[in-house]
Structure formats: structure tokens, C-alpha cells
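Below are two complexes that have chain A in common, paired first with chain B and then with chain C.
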Partner chain A sequence: MTPAIYGILFVLLAPVFGGLLVGFDRIVSARMQGRIGPPLLQPFYDFGKLLQKQARQVNPVVEPLLLGHVAFMAVTGFLLLSGTDLIFTAFVFALAALFLVLAAGSVNSPYSFAGAERELIVLLASEPFFILMMAGVCKVTGESSFAGVLASSKLVAVELPGVVLAFLMVATIKLRKSPFDISTSHHPHQELVSGLTTDMSGRLLAYVELAHWYESALLAAFVVLLFNWSIALGVVVFLVAYALEILVDNSTSRIKWQLVLRSTWVATLLFSGGNVLALFLLGR
Partner chain B sequence: MSSLIAFLIAFPLVIGAVLLLVTRASVRNPIVLASSAVIIVASIAAVATFGNGDGVFFGLPNGITPGYAILASEIAITALIVVIGLMNRRFLAPAMALIQLGIAVFLEATGRMPEVDAQRLFWFDRLSMVMVLIIGIIGTLICVNALGYMRDYHRASPMIRGRRNVFFSLLFVFLAGMFGLVVSNYLPMMLVFWEITTLCSFLLIGYTRTTETIGYAFKALNMNLLGGLGFGAAIAILADQHMTLDLAKLTSGPASGVMLGAVALLCFAGITKSAQMPFSSWLIGAMYAPSPTSALLHSSTMVKAGVFLLLRLSPAITGSTVGYLVAFVGLGTFLFVSLVAVTEQNTKKVLAYSTIGSLGLIVGCAGIGTPELAWVGVMIIIFHALAKALLFLVVGTIENRLYTKDMENFDTLLSRLPRVSVLALVGMAGMFIAPFGIVVAKWAAIRAFLNVPGGQGAVMILIMAFGSSLTLFYWGKLLIKVLSMKNVSEYELSIQRRVSRYEWLTESALAVGVIGFTALIGPISDRVVGPYALAAFHAAPQTLLNIEPAMLVVMLAAVLFLPLLALWASRRPYDTSDFYTSGRNADSAHVMGAALGGSRTVTLRNYYLEGVINGALMFRVGTVTCAGVLIAMVVTGMVVR
Partner chain C sequence: MSFFSRSPWILHYDGSSCNGCDIEVLACLTPLYDVERFGVLNTGNPKHADILLVTGSVNEKNIEIIENLYRQMPDPKVVVAVGACACSGGIFARAYNIQGGIDKVVPVDVYVPGCAARPESIIDGVVQGIAALEQKRKKTA
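Coming up: the complex of A and B.
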């Protein structure tokens, strides 16, 4: 099979993976809160329902920007799996995330705008990590593509323990989980109402959800890069980490954006930066 | 071809002299338009006749030797600086200019200057070719744009005495100086052109002659004269040691001993001119000049002369401590100005910091000096010149229509100035979303830094990781403002119709250029930038030459997405529902019930990270840090070697 087929497979299957993950999330969260929770496939039902509902258009650019957000998320996955340079992929990933910020920011409403600005801070906080991680993976394996890293005899996580540690923190941010969910809020009556999705409804909200599924699948693919023994191991590690995220999500409260930015940068600098520095100094 | 190059230097000088005498716009406009067209054609012709060689050397037509012309030019420049300095009671600049002249006279009088090879005065290779096209096309487009801009500028500020004849004259002299600089091979001759650009930028920055701009103009003059002194000292050392003053010979391979010291001084000159820290403040001050001046200084002239010289010197410093220290000045500047930029609200200043940061990346590339990084450096020069010229001109247009440079006042721009917004989006997409402004260049730089041995490589990658994220943040903020929409009145819509056709013409041309060059990246890499890197470093750049089709498609899509979206959205009737305000809408959408009764208009303000990043402090820290590295660089070159 040519690498492009893996890319196409990602584009087709990632939403299934991401949707199931959200279903799993909702069940586990419900159990933690003493509820039974919805069926596993509930996110897909919700998705279908959102698509049928009427969308309130606040301005003509929101919908295309959200479509761009979904498309570039899918493209990031396609590029990653079809063998494009890992570091380049990290930049496209950031671009994809930016489209959501622009969609929310263009609404020009207080809640959406604040959510958009905070999402931008989330990007600022998390982006250095992804670049460092990809640089670290390339440095360790000497490879520059997904398939190359999987085929490498070097075990990435062993040489990048600091990066693995920082990943846990940054994943929390990317999955918009508490205490780092400053840009959204899944509960009513909070400071941001619903953050950057406040003025999105119907199919617009469905696009956001779909992009989030892609994003989750991408994070899983990143974990596979770190645990490159096999794809299965990587996915299992991701699921374990995700369960941990759910626990953290349900047991912490949201922190201020200043702390999000500072703590993430410090963690990235200390753990990932220190790790990469050590790699270079040891001449790997 | 040699006569074409001579023409490119002489013709703008003549036009500059003519324009000085023309005070009527009806006469000036056709002259500027026609001579710009001539310069564009001549620069394309010069490149077209270049052929496929790696570089050619030639002298003046008919074998004329420069003789005392170089010294005479230096005396003229110095005299001008001394007179203007004394008239304004500023003594540092005249003193430096006199020292500079003293060095030249001393070398000449004591017979230390080596014999000039009249057949190697000029050096035209692929790097000169790129520069000639940038100066010849982008530079002249800015001149044409200024025809419209300056008319509105003086209408809006009647207090400023119009001296547009001087302004346009200076623009053309500036172009002549730049043409001369990028084709010079004989260092003393290059220094003359170097000082011409210094002088022109000084006079352009101080154009309005207010106390404020005069201060900034002298700041720019002092810093660039200091760099010029470094250049002069390098020539003195080389002449005194009977070494070559031939740039091509000097940079044919790694320099050592005394030669490395001279090269370090030349690097110092390049760093001042490209406004790297600790010399960034002169370019920030230049922001107070009319926007075409900013566009010219930032895109096709002045700062590009600095990085041009550094790229020329790159093969001589590669692998040396001097080279690494030069790289750290550049990368340090990139990181610190990016930190400052996220806290800045003045759009022109944000653009300025972004320029300094991009130049920092080029300086970083030149300092390390691998074929791959030379490739990256030239690519950034090309795309930055296009996108930044466009952005400065667009911001100038917006400024003349909305009377603001504040990013916060740019909101709902897409509704108010739809066509201008589309152009702005092309510029921003070219700068940071897609190709070479930042993404591919950063990517390629990180790839190359992975191979830098030892801790330096890791620090460089760390700087890239954090610096890139910061650029994403400030461009993101600007994009949010431009992309937002609202209902506009008939009056607001009529504002856009007052943009002059000169501005539409030039800005549209630059926008087409940004998109066209993105699509043509493959051929440009294969035929121009790749062979340049091969010739300069005697090794072909690896990995980067094969840009995959998938990457190219993504880049093009990314560049086109936002402008096309804006174009489409601006043509649709704006008939949409109000946004959510917790049921506290009062009156219209932008008025909300206040917490303690009454109502307040909604204002939305970007985050400037107050309390987390202190911009002024970062600027100082960066200045001190980079000054330290810079001093270490010169000392290493001069003493330690």
C-alpha cells in the first residue's frame, strides 16, 4: 500500500475513533459522578441531530471558517500518516486550530470573542510543545516521517521521558479539559457561557465537534510516535492517558489563563526542553 | 549586461535629480510612473541576460576605473552629514562620518589601498539577481503607491510642510544605492552605496521634520553610521594587511586569522543595518515616517541590504565561533521581538517587530551557514519582501481612510473596507499562514538546526519553538480583527471608494505576486535559490529541494483560503441574526445591559498578555543580551580568532 492510503484511511476513520472516545468519556465521567451516562454511540446521535437543526448564522464567514477548521484538521492527519515531514505537520496542526479561533473571533460578540482569545492563548501555550516533540522524535530516530519512526529500531519514549511527561499536560489543554478548559465551558452559568462556541448552533456546532474528533485522533497518532513499538501499544497508552484526563477533568476546577500559559510554558521548557537539550549534549 | 547594471544605478539617480526640481503633482506623477516602468523592464532585462552561469564579474563600461570617484563620493556624503548634523546641533553623527572619511583618506594617502581590479568591480550572481528583481519591482511599486498615499497624507496633516519633491527624489536615489550595493564586489565601492542607503533612510525618516521624527532619524543615522564604521574598519584591516578587498574572494571559503576579524566587523555592519538587537530601536522609530517609507525600508531596501551582506559573508563564517555568535544575535532577536510584538497594539509596530524577527531568522541562517540554511535565508528574503511591502502599503491605505494605526480599531474591517481587507489577508497569509514568510522557512530552519552539534542546536530549536508560537499569537489577533463583520452604513461603505488608483494598482500587483510566487515555489527553488546555495557553499541543499506536491497544495490552499473567503463574504448581503449576550441585549446588538443597571456599548479588546509578558522589559533584556553576544562576536573575531 502506498502511504497516501494510510492518510485517506485516517481521514475516513478518525471521526469514528474520536466519536467513540467522546462516548467513552461521557460514560466514564457519568460513573465518576454517580450517574449511568448515555450510550456509547450518543455522540454520533448528537452529531446527526445537530446537522438537522437550523443553524443561526451570525455572519457569513463563520461557517466557511469552521469548514476550513475541519478540513485542515483532516489534512493534518492525512499529511502525518501519508509521510510528510513531522515538523511541517506540527505547523499545519497549529494552522488548523487557528481557524476555530478565527471563526469564533469573527462573531464579534463578548462571549465568543473572549473564548476565541483564550483559545489563542491555549494555542500559544501548547504550540511550542508540539514543535519540540516533533523535533525530539526526529532527533532520536533520525527519521522525518510517521512510517519511518514506526519502523525505527529506537524506542522514542525511552529517550524522551520528559516529552512524554509534558505531553500529559499539553494533551489536557488540547482536549479542552479542566483545569485548562479556559476557552470553553461545557456547563451553563459560567463566566463564558459556552466560550468560543457560544454563537455556533446546529450544523456549525457539528463541525466543531467533528474537528474535535479529528484532533483527538491526531493526539492518539502523536502518542503512537512516542510509543513506536507498535500502533496498538500507542493507542492503548493514549487510552490510559485519556482515562487519566477524565479523572483530572472531573476533579479539578478551571484555572486562570495566566496560570495556564505560565505553567504550560514552564513544563514545556523544563521537561521537553531539558530532554531535547540532553539529547543534543549526549550527541544522540 | 554590464551596461544594464550601470543603467540601473545611474538612471534612478538621474530621475532622483529631476524629481527634486518638480513640485507639481501633474508633472511628477507621469515621471514616476514612466521611470518606474523603465526600471522594472531594465531589472528584468538584466536578469534575463544573466544566463545560467554561477556568477559573473565585470567592470564599468569601456573599462573605466573608479579612480578617485569613490573617495569623492565619500567626501560628498560626509559633507552632507556634517552640515545637516551641525544644523540640528547633533554632533555624534558628524563625528562618526568624519572618522569614517579619515580612515579612507589615510588609507589612500599612505598608499595602503591595493590596486583595483577594474574587471571585478561588480559581481552578479543569483543572489544579486534576486535582489535586483526585489528592488526593481517591489521598490518601484512602492514609489508608485506613494503617489496616492502622499496626496492623502498631506491632506490629512496640513500642519506638515509638503516637500514631496524631496520625498520622491529620495526614493529613487535610495533605489540607485540599493542597486549599486547588491552588485558590488569591490568593498570600498560597496561602502559608498552602503552609506547612500544610510543617508537616504535618515532623510526619509526625518521627512516631516517634527522634533519626534528628527530624533528618530538621528537615531537611525547614528546606529547605521556605527555599522558603517565597522565596515570601514574591516576595509582598513584588509588593506593594511595586503589582503583582498574583493568580496567574492573574501567569501570563497571559511576565513581565518586577521581575515576572520575583518569579516566579523563586516557582520557587525550587516547586523546594524538589518536592525537586529541591540540596534532594533532605529527601525521601530522609523515607523513614524509615512507608510511608503516603512514599506521601502522593510521590504526591498535598507534592512535587506544588511541580511544580503550577511548571506554573502555566510560561507566565510560557517562553522566558526563567530558564525555561531552571529546566529545567536539573529535568533535571540527573533525570540525577544516576538515577545514584544504580542504586547504591542500599534499595527505598524507589530509589522516592524515581525520584520525584525524574520530578519533575525535570516541572520540565524547566515550565521550557521549550511546550503540548506542559505536556501531558507533567500526564500525568506523573497517572500518577506513581497508580503511585507503589501502589508505596509495596505496599513498605510487603512491609516489614510480610518485615521488609525491601532489594531483595536481595525475590527469589522471586512465590512468597512472589504477590498482592502482582502489585500491585507493575502499579505498576512503570505507572511505567516502559508509558505515562506514563516511556515516552510521555520520548518526548514528547525530541520537544519537538528544537525547543529552540541547544546547550540537544542537552544536554537527551543528558540524556534517558542518564537513561532508567539508569531502565531500576534498574527491571530490581527486576523480576528480584520475578519470580523458588522452592518455598515452607506457612508462607511463610501470610504473605500476614496482609495487612489495608484494604491489599488500596486497593492493588487503585490497580492498577485504573493500568490504567484507561492505557486511557483518549485521552479524558483530549482532554478534560482538551490543553484545559489550550491555555488556559495559548493554543496547542494539536501531534503529541501523536493517539496512534495501535497505540501504545495496545502500551502496554496492556506494562502488562498482566507482572501477568497473574504472576497466571497464581502459580496454577500449582510443579513444575519444578532449574537448572544445572555439575554441582556439592550437596544442594538452592541449595547448590553450593565451589571448595575443602565446599558453599555460592547467593546472587544484583544489580549496583550499584561502581567505575563512585559514588552518593554523584554525589549531591554533582548537588547542587553544580544549586545553581549554581539560584542563577544566581534571580540572573538578580532582577538581570539
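Coming up: the complex of A and C.
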């Protein structure tokens, strides 16, 4: 098969993976709280309902920007799996996230605007990590494409343990988990009403959900890069990490943005920066 | 196929309630009743909500707020009045600042009686609200 087919498969299957992951998350979270929780397919029911509901257009740019957000998330996955340069993929990933910030920042709601500002801060906190991670992966394997890294005989995680540690932290931001979910405030918490998504209703909110499913699948693909013996190994490691994220989500409260930024940068610099630097100094 | 019956998101507003009904509404989310089993979410955002669940009666100060919340909800939407006060003003009906039940301000689809309304009857009211939601969707579709 040509790499482009893997890219197309990602675009088609990633939402299914992401949606099931959210459903699994909601069941496990409910069990942790002593409840039974919704059915596994609940995220898809919610998605279907949002499509059937009226979408209030607060201004003419929100919908195109959100469509851009979804499209670029899908494009990031396509580029990654069809063999584009890893560092380029990391930049497209950042661009995709930026579309959401623009959409939320374009409306008048102060909650949405505060959410957009906070999303920019978490982007600022998480993006340096992804670039460092891709640089580290390229350095270890000498390859710059997804297929190349998978074909490499070295297990990347062994040489980049610091990056794996920092990944756990940054994934908490990207999966919108407590204590780092400062920009959206999900349903159980309502500090910012709904943060970024306050003014998005009906299908507009459905786009945000869809993009989040793509984002989760992308993170799984990034874990495959780190545990590159096989795709199955990477996905299993991702699921274990995700279970850990659910535990953290249910046992911590949200922190201030200053601490999000500082702690993530310290983790990025110390663990992944130190790790990549050590590789260069050791000349490996 | 309609997904409204599988994913009703609720916005809870407390009018001038004594908090008895509010505690019972929140009890529906606890492990004993766990309405999330049926896809019910308690959102704080009118733009995400399908069902406006109001406890307590209407007073001079909250008329505008209830109208505003109702207007912000995208269609289809239903209103469930929970408890004697939300239905008719209840024991406070003749107080100088009370206008009466929620239906003085916005159209109410389901009335849930009780003082305070039991979680079972609140869940029953929400289920009837979902049926009303389905009917409204068919009308607009």
C-alpha cells in the first residue's frame, strides 16, 4: 500500500477511535465516582443530536474557522501517516489548534474570549514540546517520516525516556484533562460557563467535538512514534497512558494558568530538552 | 433517526426556590439515580441545553433572566417546571414580590408537582420533556 492510503484511513477512522475513547473515558470516570455512566456510544449520540439542533450563528466567521479547525486536524493526521516530514506535521498541528482560538476569540462572549486567551496560553505551553519531541525522534532514528520511524530497528522510547515523561504532561493539556483544562471547563465544572465553546451551539459544537476526536487519535499516533516497534504496541501504551489521565482528571482540581505554563515548560525543558541535548552531547 | 431522546442536556435555573427542589435535582446526578446513564448532562450553558429545568417561582427580579436564558437556547427546546413553586408559585404565590409559576414568563411543557419534588418524579418529568422535545423537532424538521 502507498503511504497516502494510510493517511486516508486515518481521516476516515480517527473519529471512530476518538469517539470510542471519549465514551470509554466517560464510563471509567463514572465508575470512579461510584456511578454506572452512559453507554459507550454516548459521544456519537451527542454528536448526532448536535447536528440535529439549531446552530446559532453569532457572526459569519465562526463556522468557517471551526471547519478549518476540523479540516486541519484531519490534514495533520493525513500528512503524518502519508510520510510528510515530522517537524512540519508538528507545525500544522499547531495551526489546527490556532483555528479554534480564532473562532472562540471572534465572538463577543467574555467567557468565550477568556477561554480563547487561556487556550493560547496552553498552546504556548504545549507546542515547544511537540517540536522537541519530533526533533528527538528524528535524531534517534535518523528518519523524518512516520513509516521510516516505524521501520527503524531502535525503540525510540528507550533513548527518549524524558520525552515520554513530558509527553504524559503535555497530553493532559491536549486531552483537556484536569488540572490543565483551563480553557474549556467541561460539563461537570462550569467556572467559565463553557469557556471556548460558550457561544457555539448545534453543529458548531459538533465540529469542536469532531476535531477533538481527531486530536486524540493524533496523540495516539505520536505515541506510536515513541514506541515504534509496532502500531499495536504504541496504541496499547497510549491506552494505558489515557487510563492514567482519567485517574489524574478525577483526582485533581484545576490550577491557575501561570502554574500550567511554568510546570509544562519546566517539564519540557528539563525532561525532553535535557534528553535531546544529552543525545547530542553523547553523539548518538 | 433522532438523537434527542439519547442525549438531553439540561440547564438548571433556580428561580426563588427554597433550595429543596434544587437539592433533589442535584440528587438525580448522584450515584443513587445517576441520570448520566441516559445521556443526561447538566450543562451550565443555555446555548448547549435542550431542556430548561426551573425550580422556584418567578419574582420581579428574575423575569428578565428566565426570558434571556430561554431565548438563548437553540431550537428545539422545552421547559420543565419542577416543584409546586415553579408550577404555580406554591406557598409563596401571594407574596408581594412573586409573579407566580414559570408559565407567567415562558411556555412550560411539563409540570412536575411536589414540595420538594422527588428525584423519581423529576426524572419522570425529564422523560416527558424528551417526548415533547421529539414532537417539537418533528414540527421544525
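Everything that follows uses one rule, which is that the second predicted complex is superposed on the first by the 280 of 284 C-alpha atoms of A that agree within 3 Å, B and C clash if a C-alpha of one lies under 4 Å from a C-alpha of the other, contacts with A are read in each partner's own complex, and residues count from 1 in each chain.
Going forward, a contact is a pair of C-beta atoms (placed from the backbone, for glycine too) under 8 Å apart; a residue touches a chain by one contact, two chains touch by 3 or more.
Values in this document were obtained by computation on a predicted structure and should not be read as measured data.
In the overlay built on the shared chain, the residue A:R262 is in contact with chain B alone; chain C does not reach it.
When the two complexes are overlaid on their common chain A, residue A:A30 makes contact with chain C while staying clear of chain B. More residues of chain A are touched by B (comparison of chain B with chain C).
Of the two partner chains placed around the shared chain by superposition, chain B and chain C are both touched by A:D199. Judged by the touch definition given at the top, the superposed model places A:L279 against chain B, while chain C stays out of reach. When the two complexes are overlaid on their common chain A, residue A:R56 makes contact with chain B and with chain C alike.
Looking at the shared chain after the overlay, A:Y45 reaches chain C, while chain B stays out of its contact range. Once the two complexes are overlaid on the shared chain, A:F113 sits against chain B while remaining clear of chain C. Once chain A of one complex is fitted onto chain A of the other, the partner contacts of A:A135 are limited to chain B, with no touch recorded for chain C.
Overlaid on A, the two complexes show chain B and chain C touching the same residues of chain A, namely 56, 193, 198-199.
On the side of chain B, the complex with chain A involves touching residues 342, 411-412, 414, 433, 439-440, 442-443, 446-447, 450, 453-459, 461-462, 464-466, 468-470, 472-473, 476-477, 479-481, 483-486, 543, 548, 550-551, 554, 558, 561-562, 565-566, 568-569, 572, 574, 576-582, 592, 602, 604, 606-607, 609, 611-612. Contact residues of chain A toward chain B in the complex are 56-61, 64-65, 68, 72, 75, 78-79, 82, 84-85, 87-88, 91-92, 94-95, 98, 101-102, 105-113, 116-118, 120-121, 123-124, 127-129, 131-132, 135, 138-139, 144, 193, 198-199, 257-258, 261-262, 265, 268-269, 273, 276-277, 279-281, 283. Residues of chain A that touch chain C in their complex: 26, 30, 33-39, 42, 45-46, 48-49, 52-56, 187, 190, 193-194, 197-202, 205. The touching residues of chain C, when paired with chain A in their complex, are 1-4, 6-7, 30-31, 34, 36-39, 41-45, 47-48, 50, 74-76, 137, 140-141.
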